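What follows is subunit A paired twice: with subunit B in the first complex and subunit C in the second.
Presenting the complex of A and B:
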């Protein structure tokens, strides 16, 4: 499979804080989920891949182009759709005007063709009926959809989406999955999210980023497998569990080292992620 | 486009007009205040709209992706958007409002030469340009202000193309300014029949600076500031700096560095006594515009920026040198002679044996107009009353220090010789009437000029009444009575009720008692030949301060007015 993005030893620091620490990754077409807690370096990594920030160390190659070179950067941007974590909107613009403006910045200079494309992407996210409405009058969820709409302009080959489903209700998230699956076939999608069920539903691959480093890189099933045999149900919180919560059935779901004879259950991606995160935290703690 | 987006710019457009109503509308002042407050509220009101939600039910992927992006001019496409934003900016609306305000003042307020009228245009478009700087700055800094710059930076359009798009919006204020300048000058040409002087390269240069260069430069400066200083108050600080620099340059007078100002205030001295560096100023301001546009490109497209900045610096330096370059000796000599030997450069029209009206050659049509207006007064003055011939001419007055240094050095200040009557440079009803009064006052021997008292009181004196009667010579009765209608200045006092000298700010050379004015008004309806005969027969007697108003009236056969009310000197009413 063709490698879309190649990242080698990429490091990014902000003062004394290392946001991204020697990351190596190869991304191919398909949807890759990027999981990690707040401050793990996900957004910083995505900003570098979106060519709006430069790494302090290491090399990035996207579509075979070096984003550090002006021409390479231009070629990458022509094939890129990017949704920042906090996309800024001009509140007095209408939905159509905003997407139209981004389309111009994406070099859609033929007015008629551009307007057709704007209508298309607004239709994809279900905002056709409010295309003339000012952004200040949209709900938070609709603004998220508007941010997704601008990403889809021109069906880019690379989509970098920083928490695109934050603020979407469950039905809207399902719609998002549908749009992403149908509007970007064959594209390389890097999706940052806290929603593990989005990862399970969308991603063929998941990367767990903790403290700026890659701690897991594999399929969702492989991530879930990390918690295999380490999740069990009990009527009360097991003191051996590193993390436990009460499920809908009133029983405690414990994660950790199970006691012998415990009621083990199949792990989810979320369980796998928690195990990976717990292990990473444990490894980083100084020895007593 | 929703109507409420148009509300703010429309409201700001009304604000300057409401201010005019408030301060100058007299009876409509209260309405002006209400309109002003209403417009202000609409302009600045927070527009917090209701939010809506909409289910995401649209069919997905029902429409295929349009064909790929064309490689046309991104800057041009962006310019359309930015043009819309500029047009909807309340600041730009206020700028247009200023133009409408100045336009609504009426063309009759342009009462001097074409040089002065056109020279005012750059100054009059400054408020528009100031508002354009603010509006453009806000448009350019919009990405940063709304935190959209990260998204936009990830797009293939470069920052230089975005700058290009903003710079292209310059055509909007250029069109507004061109319409304002052109319509004003055309209206002056059509409706102000007293406009005078040549229409030459000076006029066209000032019109071009006002209509084209300054608004384009305002956009360039707004873009530059928006790119480099995103601080919201930056354009306001820039405006203050520009104002201070202009004031500083005005202090230099109409000379050298003074001409570097973007808008020239003529001050008291008429433009006929100066030699503006016409081409130099055009090049200087063009250079500033190109340089500012080049600076706007810095950090975005260095090669283009280098080109613009280099050309801009080169042109500006050439313009700077050409502007401050000393005028030629021949020009300085000519301007000095305008002051000390005006007769060498004048065109004169003789009204009588003793009286002529002269004007410097470029203003010959102004002289001719004034001559036509005072010729009847001259004819009514009995022959042989002047010891020395009278010349009415344009005089510099007390503005010697405002002349270029090279001209000043050639002038030795000397008192105005006897027989010289100063013509006003303005040409309106008041100034024409003033010319009549000046000639009549000179005829009856009332001292005028630099050494004359500020107010000569002629209450109860026959010479004062004869002055007024002479001033009305040749006018129809109703116009003569209008001319002798006391000004509304302090109408409760005798001094105010006797104040009929045409309103020229800073000067009330002669004051009458109300009874004198009434006497003169009564003479207007008497047969003019009868009055002329009585006046001519005993002229030496009437022009002495001892001859009274009532004696004159009795000699003519009109009922006397009685003793005059005591009056006080009005000083300078302005």
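Presenting the complex of A and C:
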């Protein structure tokens, strides 16, 4: 399979803080989920891949181009759709005008063709009915959908989506999954999210980023398998569990080393993620 | 009914009435159409496309124009195409609020100059106006759609320069109108022009090392210090007569403006990085 993105030893620092620390990654067509807590370096990594920020160290190659070179950056941007974590908007623009504005920036020069494309992407995210409404009068979920619409202009080959489902209600999230599946077939999609069910539904591959480093890279099933035999249910919190919470049925879901004879259950992606994160935290703690 | 029918291409050219068909052929087609139901239907079909296209384009144009802002509308009236007009009009300093503030400041300075019959106030303050507007346009994070726009092909040094030029031209036009009402004789009334260019272009060039607001603040402070020095050196004489506004002073400001352009072009990637932050 063709490699879309190849990064080697990429590091980005902000003062004394290392946001991304020597990351190596290869991305191919398909949807890859980027999981990690706040401050793990997900957005910084995505900004570098979206050619918005430059790494302090390491090499990035996207479609075989170097984003540090002006010509390479231009070629990458022609094939890229990027949704930042906190997309800003010209509040006085209507939905149509904003997407049209981004389409102009994406070199759609023919007005008729461009307007057809703007209407198409607004339709994909369900904003056709409010296309003339000012952005200042949109709800948070509508703004999030508008940000997704501008990503889809021209059906780009590479989509970088920083928490695209944040602020969407359950129905809108399902709609987003449908849109992503139909609007970007064959594209390389990298999306960060806190929603493990989004990862389960959308991603063929998941990367866990913790403290700026890759701690897991594999399929969602392989991530869940990390917690195999380490999740059990009990009527009360088990003191041996490293993490436990009450489920919808009122029973405690414990994660850790299970006691003999415990009521083991099959792990989810979330369980696997928590085990990976717990192991990373444990490894980084100084030895007693 | 005739077995022969007019081709779609011929019908299209006939319906367009653009002179592509000679009169004899057109008369022949017309004669045929009166008797041939098939060709009448075909004519209706082929002529519908272009007509609908034209109507649709007109509707789209009107709808598009209805919702646009005043700056974008003005740019389009001046002949700028819809795409570039929208990109330039999105510059924060070109919003109606910012421009109104500039207009009010210039008007106030003009009124003060006329009331006191001293034109110095205008010459002293005019260069600060475009400098402040450039700083406002390119301050880090000031573009609300920044991140979405940054990762697009058209975002580059060319766009930054087009926006800077639009801001500069507008500020200079407002100041030029203001200078018509200043009580200074001759070309000295335009003594603000080259310092204004030097300071505003210097602000952009300064963003190679500092942020645009920092560069603007530094240059404005330098400008104030220069005027104080000139005032002291000329022992309190009219500032308009000082070296700052005489030909040699103006030549130096012209050199600074040119130098700022060279610095910007040579360091365009760094300027972009600053604007992108």
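Rule of thumb we're sticking to: the second predicted complex is superposed on the first by the 288 of 288 C-alpha atoms of A that agree within 3 Å, B and C clash if a C-alpha of one lies under 4 Å from a C-alpha of the other, contacts with A are read in each partner's own complex, and residues count from 1 in each chain.
Note that a contact is a pair of C-beta atoms (placed from the backbone, for glycine too) under 8 Å apart; a residue touches a chain by one contact, two chains touch by 3 or more.
Bear in mind the structure is a predicted one, so any value in this text is a computation, not a measurement.
*Asks:* Is A:183 touching anything from subunit B or subunit C once the two structures are fitted on A? First, second, both or neither.
*Replies:* Only subunit B is touched by A:183; subunit C is not.
*Asks:* Which of the two partners, first being subunit B and second being subunit C, lies in contact with A:109: first, second, both, or neither?
*Replies:* both
*Asks:* In the overlay, answer first, second, both or neither for which of subunit B and subunit C A:2 touches.
*Replies:* A:2 contacts neither subunit B nor subunit C.
*Asks:* Touching A:38, do we find subunit B (first), subunit C (second), both, or neither?
*Replies:* After superposition on chain A, A:38 lies in contact with neither partner.
*Asks:* See if subunit A has more residues touched by subunit B or by subunit C, and give me that chain.
*Replies:* The partner with more contacted residues on subunit A is B.
*Asks:* Answer with first, second, both or neither: which of subunit B and subunit C does A:155 touch in the superposed model?
*Replies:* Touch status of A:155: first partner only.
*Asks:* If you stack the two complexes on chain A, which partner ends up touching A:71: first (subunit B), second (subunit C), both, or neither?
*Replies:* In the superposition, A:71 contacts neither subunit B nor subunit C.
*Asks:* Examine A:89 and indicate which partner it touches, taking first as subunit B and second as subunit C; both and neither are also allowed.
*Replies:* Both partners.
*Asks:* Based on the A-chain superposition described above, do subunit B and subunit C contact any of the same residues on subunit A, and if so which?
*Replies:* Touching subunit B in the first complex and subunit C in the second, residues 50-52, 74, 77-78, 80, 82-84, 86-92, 94, 97, 100-102, 104-109, 111, 114, 132, 150 of subunit A appear in both lists.
*Asks:* Inside the complex, what are the residues of subunit A that reach subunit C?
*Replies:* 50-52, 54, 70, 74, 77-78, 80, 82-84, 86-92, 94, 96-98, 100-102, 104-109, 111-112, 114-115, 132, 147, 150, 160
*Asks:* Considering only the defined contacts, which subunit A positions touch subunit B in the complex?
*Replies:* The touching residues are 47, 50-52, 74, 77-78, 80, 82-84, 86-92, 94, 97, 100-102, 104-111, 113-114, 116-117, 119-120, 123-130, 132-134, 136-139, 141-142, 145, 150, 154-155, 171-172, 175, 178-179, 182-183.
*Asks:* Using the touch definition from the top, list the residues of subunit C that touch subunit A in their complex.
*Replies:* It is residues 57, 60, 64, 67-69, 82-84, 86-87, 90, 95, 143-156, 269, 273, 276 of subunit C that touch subunit A.
*Asks:* In the complex formed with subunit A, which residues of subunit B make contact?
*Replies:* Touch residues, subunit B against subunit A: 1-2, 5, 47-74, 76-78, 81, 142-143, 146-158, 162.
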